[in-house]
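Each of the next two complexes has chain A plus one more chain, namely chain B in the first and chain C in the second.
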Partner chain A sequence: MAIEDDVLVIGGGLAGATAALAAAEEDVRVRLVSYKQSTLRHASGLIDILGYTPAGEGPLVDPFDALEGLPEGHPYERVGTEAVREALEFFDDIAGDAYDGAHTDANALVPTHGGTVKPTARYPASTAAGLASDDRDTLLVGFETLPDFEAPLAAAHLEAAGAPFAARGVTVRFPGLVRDDAKVTRYAHLLDHDEAVTTAAGETTARDALAETVRGHLEDETRVGFPAILGDDHAAEVRADLGERLAVDVFEVPMGPPSLPGMRLEDLLYDALEDAGVRVTTGVPVVDYETESDGTDATGPDRIDRVIVDRHGAEVPHRADQYVLATGGLVGKGVDSERERVFEPIFDCHVPHAADRYEWFVDDVFGDQPYARFGLPVDRDLRPLDAGDEPEFRNLRAAGAVLGGYDFAAEKSGSGVSLATGYAAGQRAGREGGE
Partner chain B sequence: MSDAEQPTDDGVPGDDEFEPIQVFPEAEDMDLRPGADDCYKCSTCDTNCPVAEVDDEFPGPKFQGPEQWRLKRQDDRDIDDSVMKCSNCMRCDSACPSDVPLSQMHNTARGEYVEEQMEKFSREYVRNRILANYRRLAPLGSMFPRTTNFVMGLSATQWLGEKVLGITGEREFPEFATETFREWWTARGGAQVRNEDKRIAYFHGCYSNYNTPEVGKALVRVYEHLGYEIMVPDQHCSGTPMFANGMLEDARRSAETNVRELGAAIADGADIVASCSSCSMSLRQEYPELFDFEGTEEVAANTWDAVEYLRVHEDLEGELEGTSVGDEFENFAYHAPCHARNQGLDGQTMEVLAPIDGVEARDVGDSCSGISGTYGWKAENYETSMKIGDEMFDHMEDADAETGLTECPTCSMQMEHGTGYEITHTLEVLEAALVGTEADSQ
Partner chain C sequence: MARDTEVLVLGGGSTGCGIARDLAMRGLEVTLVERGNLTDGTTGRMHGLLHSGGRYAVSDQASATECIEENEILRDIAGHCVEETGGLFVQRPEDSDEYFREKLEGCRECGIPARVLSGAEAREVEPYLAEDVKRAIEVPDGAVDPFRLCVANAIGAENHGARVETHAEVIDLLREGDDIYGVEVRHESGPGKRTHATPGATEEITADYVVNATGAWAGQIGAMADLEVEVRPSKGVMTIMNVRQVDTVINRCRPKGDADIVVPHETTAILGTTDEEVSDPDDYPEEGWEVDQMIDTLSELVPILEEARTIRSFWGVRPLYEPPGTGTQDPTDITRDFFLLDHTDRDGVSGMSSIVGGKFTTYRAMAEEISDHVCEKLGVTAGCATADEPLPGSENIETLEAGMDDFGLRSPVARRSKQRLGSRASEVLETDDANPVICQCEGVTRAEIRDAVSQSGSDLNAVRIRTRASMGNCQGGFCCQNMANELHPTYDEETVRASLDELFQERWKGERHALWGEQLSQAMLNYALHATTMNRDRDPASAEAAVDFAAFDGGGR
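Our next item is the complex of A and B:
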């Protein structure tokens, strides 16, 4: 017996979770299998659609205007602008109050921990008071023990970039932490639970102590930004509490990995998966597949009959009618490489690349890197194509960073492509799987 | 084998001329360098560590694993004593996006620390040795279970345990059953079903033998109901508490027995099933990571969680469709143990129970229970253990249920301790649905 479902999604990041949620809208049984934790924990939590064109023009004011001009083969071109809009609405419904930005098509400009601004379509509510288009003067507060965010430098960068407000940065000691290398989850836990902490002033609570630490540095700024460690499960409450004590608006500046806004997004998606009745299996990899071998239809692409999940040596077959591959790109390991080739490890789908590995990259680190576009080519139904442009399988679709033909880091399109292709692949898999 | 001995470009002309370079001086039992090299410092493991989130003295899995391994290449470096703060929940293993064998690194570092740095006459060593070797003490307690339960329940005993040994006096010791699972098995005349084609060997572990034989009995009734011949091979502790306490030599002895006995059962045509999620974890993952007895890999590949085995080898959903359980079960607050999570079994119980009428289960989320075997029994860890457990306790209280459900013995102790709920094992629910309760069958 295999473990049976109608739709099986492989991969648990933004694309996989969106695909599973979209499929679950139909009347089908959906399972999501994820090996290790997804790269959402590396993610800023920002939902970008398109910040720059593939030619590097930008930051774009309206990403939707630019979608029509994308080259053939770009994931957005494959699914079409309408699917991008639908996917974003789908996300807005799931995110509810946790995200802002749905009031306009235009990109928002969110300050990052480096003091640059990132064009993005949606942003966590925790970052809302910090937008660079807002002209209120800003105090950025960094912590000695979190060197990833150098507040005075970030403030100087923002001013140099022409932000329409005065920005100032200070670095303080986070009250109540004894370790220099405490994890971001430890900061968040202290604030979430408003734990008792001991400072020079005596015993107090974590939120009080932090507010008191910042108070002396506050001049006439009306908003204060912190690195994104302000709570996990109770982040809104932590921000409100700090804001009330300091009589300012408090916001978070998204950080590099590991990232609490990314983890909160992950929680939000997995809660939605549970509510939608999606069955989730984590911690084990899909390692192989078998095709149907009844021989009734020898022409055309194969159908995947089952995939094999490895549980520490035991092979557990999982069967579904429709499959979605959302295993990520080079970082998520949905696309892998050896010295001689670039490949997709589960189904060995075709990944176009130069035979000579010295053509996989260019010397300019920030140049137009061919490897950044490595991934699966797909048809307009998101089915991976073989070297002859024929679908590899009849019942496999691909979504997210496993797709090729775009450079999400340069375009700032990673989340949007995952949402749009995850949504489209999941919806189609759900409809076909229900037939 | 080190990287240096392993040419990476297999098949490329010129391989024959590859000359290995010895990068590190000492030959080790186990080369962890590739694992250390795979770490790209994303810190995802750290954000999954339940201890680092609440305990300021613990530097987290990234340090305990790859960083400490690298530091150890310097001759003058000892293992940092914070390694004993790791609870061995193994959540870092399933967190790592780069396949770094974190728990293997922790287990070896802890073993080295205990072997070379821990004072053998210290209270900590003696206490840990006792906790790790529960399997050796349990038969004594089990000989006179009522007396033992009475004595262990005395507040004077708990006070002594805390003062003399550093075992927390906050917890009540688990009660010994008046008849062990193996005694029951022998008394009933062993297997009641013979079947050459469907045969399993049951790894009951210590807890369902000495403390909760009802779990083992439920497994026997469910599997016999489905036509399986059951073997109950000789066995020792799975080793989980020994790994967690750095007692690798004790673990090695136990593992050797288990691999030999279970290997023989496999040769007789059986697959191995375990009812405890930490036992199956140990046989499947830790044995092949730490030991290389003949047959270790084969035992690992043929070991299953008892419910998972039925899902894959039977139409369990079909069998359960339309079944019901009586009033003996209320609604459940279900906690997936970390060691089940690591085997991809986190959603299994909720899925399996769904078709049974009369059982409502609520998953209380992905937090760690905090007890992690022997960890939460140590006086110095008690407070941390309860802080970690807080999230689970809150979610249990929020769930519309008055009883708990889980597959791990020590998680069940923690669930009971934190909420006062009675805790059931999933196999007992399957037994009630498929076979009826013990009372029905008599």
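Our next item is the complex of A and C:
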């Protein structure tokens, strides 16, 4: 017997979670299935809409201005500017105090661990005091044992980027760590729980010891940035506590994987899914699908009747009226490839690509990379299109990085596309699924 | 006239560095100049096979004999560069019995220990061999790290007083009448250790004798003094797998052919190769069908290669040579022997010899013979000691290993670090400073990176070849940035940025040939990490136009 829902979302990243939440708004029964850990833990946690045009112009002050000029087939062009705005408002409601940036259409420039700034529309509250357009002088603090962030180098880099303030970096030992190769979650845990640590001054707590370590390095800066390891479940409290002790504003600098801001965003989304009554099953791949065999006319696209989910070896059919494919791009494996072809592994939806794999890339690593645009073409209803521009299925929509026709890394548009297309696909699936 | 140095060696590959060390150990004053990094030419672009000689046991027994002799010497003097993997010559059902017999006899005639294994026995040694392999000959092939070996020779030369200048391209040979007395080089930065963004100077270096050890580039050097050196560069492709499908060198036992060897190398396995003459050693096509051929043909021996992940491919150029008038058509038929061309005898021009041909395994013997020749020219009687004197890193290695602790590192990292550093491990890894892992794929710590930086300046590719950092599965996606961070504060931000860009682009160069499946996924992740989060593709610090910071969101609270 099949598991029955109105809407089934495949994929548990930002696009899938947003799609499921948007569908749930329509009072339908929604299920989300995901296989591997989402790529959110790789991501900075920043919610970018558009930082640069496809031609490389930018950083863009107003991302919404530039949306109108995007080429046909770009995911934003498919859903339309209004949907992007609605999706962002939808996100703002979900995120609440955890994110900032809603007070303006202008992008913010957030310093990240490489030292330069990145344009983004929304940013975690933890990064808010670090914005590069804020002209307060800044102390960056790095840790000897965290080689991903070299604070003095990052400070010099910010100045080279023209940031309108003086930046200084210091490297200190993180109090309470025993091993040089501790994971970032260990740092966060020590601060979250304000664990007892022993320093040269004797027994104290992790937050106190860290504040004391930094105090001696503070000159007249009024804000202090740390790599994004300042707590996990109690991040706001850790930040406030450190700020109070040092009498400065404290902020986080987003880091590479594993990224705590990305993980916090994931937690926030999954809490919202639970609140919205979405049934979530993780760790299970969709391995196959079946179409409806009767009742459809021979000329139109098929309807998906069910997908087959591998639940730890048992093949369990899941039926829904509407399906949303949000399995990610090349990184999330929603788009896969072999030497001869690029393909979408679940429904074998059409993925345009050159026949010769030597045309999938260009020689400049940061050049205009064709592979970065691999993904599904969709109609304006976000239904994947086949090679003849006809919908692959009547009741399948796609959202997020599985879509093609845009380079999220160059444009700084990954989160925004996931939100906008996830929102639009989920909302439409919810409406149709409820009929 | 007083010269700057007694001997000037051109070329920082295995031959050049081997000669430099040999002559320096004999007490000569030596300067070595190299266009790029050490190993940049052919040495760093080989499959890492330490020949037993088995490969040449039928076609070229003189080379085979020399290989087994040098193989045994290198195990002694370069233990920290060699992995004694053993090798198999594997016969498939369609391969000739006659040739198998000739191979076995050839090995025995050349003094190469050889033993026949049945198909079942061979699969017991290497379970991923195809089920229908007929039998195999076991020989003492090994794996060698050409980077480590070449760098150890350079360090050894420096320890004996030699001057080694990398990123110093020869732009002219200094010739007066029929005498060559030096070169003019252009330093990319300096002279001295490379520092990005430091302007380079040109320098004339005069010498009593010049050794042209530029391999495939020897013809270009010769032409600077109107000398013709008929080197015939031949390219070969090598494809690197993400894991070791085999722990033994696997050779196909048939007369000759492309794609007939798999060499386990550190964390990877390297598939090779092809043999195709090219006109310019710096500019030749690198094509996908060559990579496909490696995978498809070698899958006949090791079927799982068909579905396995490759992380990059690279091409190398053999410095083949044959005396004028030989006229061999097929480059696979050109001898692998080396030639010492004394331009006095050949061209009536004194002061320089050129070395061409040869192969990596016998680099030491070549260096010895050439050094003997140079000594004879200069009237020096000191003998060669390189067959007995361990390379830096390989001194008393067993005793030292027994006494070494783990330097506070987790055991896989400690083990791999010690393997790479050999007898230098304590000196490098013992530190009171924090010593986190910088490259997770290869287990390289900060201390090892900083040791490499102290040898090679701001050049992260030079750090890479010394440490293997950024050479693993992620191809630097996760660690390039961290490696660059270690350059600071010795080098300033602008220099670090330039060096990082250079390393990241170099990693991409080889990765382009592995862009499907898992590695395309990895490439997209690397791109996303560097472009999305770090905005390195559109970094305002590198852009021409200034950013109007005041126009952006300055915070709402």
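Rule of thumb we're sticking to: the second predicted complex is superposed on the first by the 433 of 435 C-alpha atoms of A that agree within 3 Å, B and C clash if a C-alpha of one lies under 4 Å from a C-alpha of the other, contacts with A are read in each partner's own complex, and residues count from 1 in each chain.
Please note the rule applied: a contact is a pair of C-beta atoms (placed from the backbone, for glycine too) under 8 Å apart; a residue touches a chain by one contact, two chains touch by 3 or more.
Keep in mind the model is a prediction, meaning the values are calculated, not measured.
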Could you look at A:Asp363 and tell me whether it touches chain B, chain C, both or neither (first, second, both, neither)?
second
Is A:Ala314 contacted by the first partner chain B, the second partner chain C, both or neither?
first
Please work out whether A:Val172 is in contact with chain B alone, chain C alone, both, or neither, and reply first, second, both or neither.
neither
Tell me which of chain B and chain C touches more residues of chain A.
C
For A:Leu218, using the defined touch cut-off, is the partner it touches chain B, chain C, both, or neither? Pick first, second, both or neither.
neither
Is A:Val184 in contact with chain B, with chain C, with both, or with neither (first, second, both, neither)?
first
Determine, under the contact definition given at the top, whether A:Thr281 touches first (chain B), second (chain C), both, or neither.
first
May I ask you to decide whether A:Thr116 touches chain B, chain C, both, or neither, giving the answer as first, second, both or neither?
second
For A:Arg339, select first, second, both or neither according to whether it touches chain B, chain C, the two together, or no partner.
both
After the superposition on A, what does A:Pro147 contact: first (chain B), second (chain C), both or neither?
second
Could you give the residue numbers on chain A that contact chain B in one complex and chain C in the other?
42, 181, 257, 331, 333, 339
Can you tell me which positions in chain C touch chain A when the two form their complex?
287-288, 292, 408-410, 413, 433-438, 446, 478, 481-482, 485-486, 488-489, 492-494, 496-497, 504-505, 508-509, 512, 515-517, 520-521, 523-525, 527-541, 546-557
Okay, in this complex, where on chain B does chain A touch?
8-9, 12, 42-44, 46-49, 52-54, 56, 59-60, 63, 94-97, 99, 284-285, 288, 297, 300-304, 308, 311-316, 341-344, 346-348, 351, 363
Of chain A, residues touching chain B in the complex
1-3, 33, 36-39, 41-42, 177-179, 181-186, 189, 257-258, 263, 274, 279-284, 309, 311-314, 316-317, 331-333, 339
Chain C partner, complex, touching residues on chain A are 42-44, 46, 48, 51-52, 56, 58-59, 61, 100-104, 106-109, 112-119, 128-129, 131-135, 144-150, 152-153, 156-157, 160-164, 173, 180-181, 254-257, 259, 329-331, 333, 336-339, 356-358, 360-361, 363-366, 369, 371-372, 408-410, 412, 414
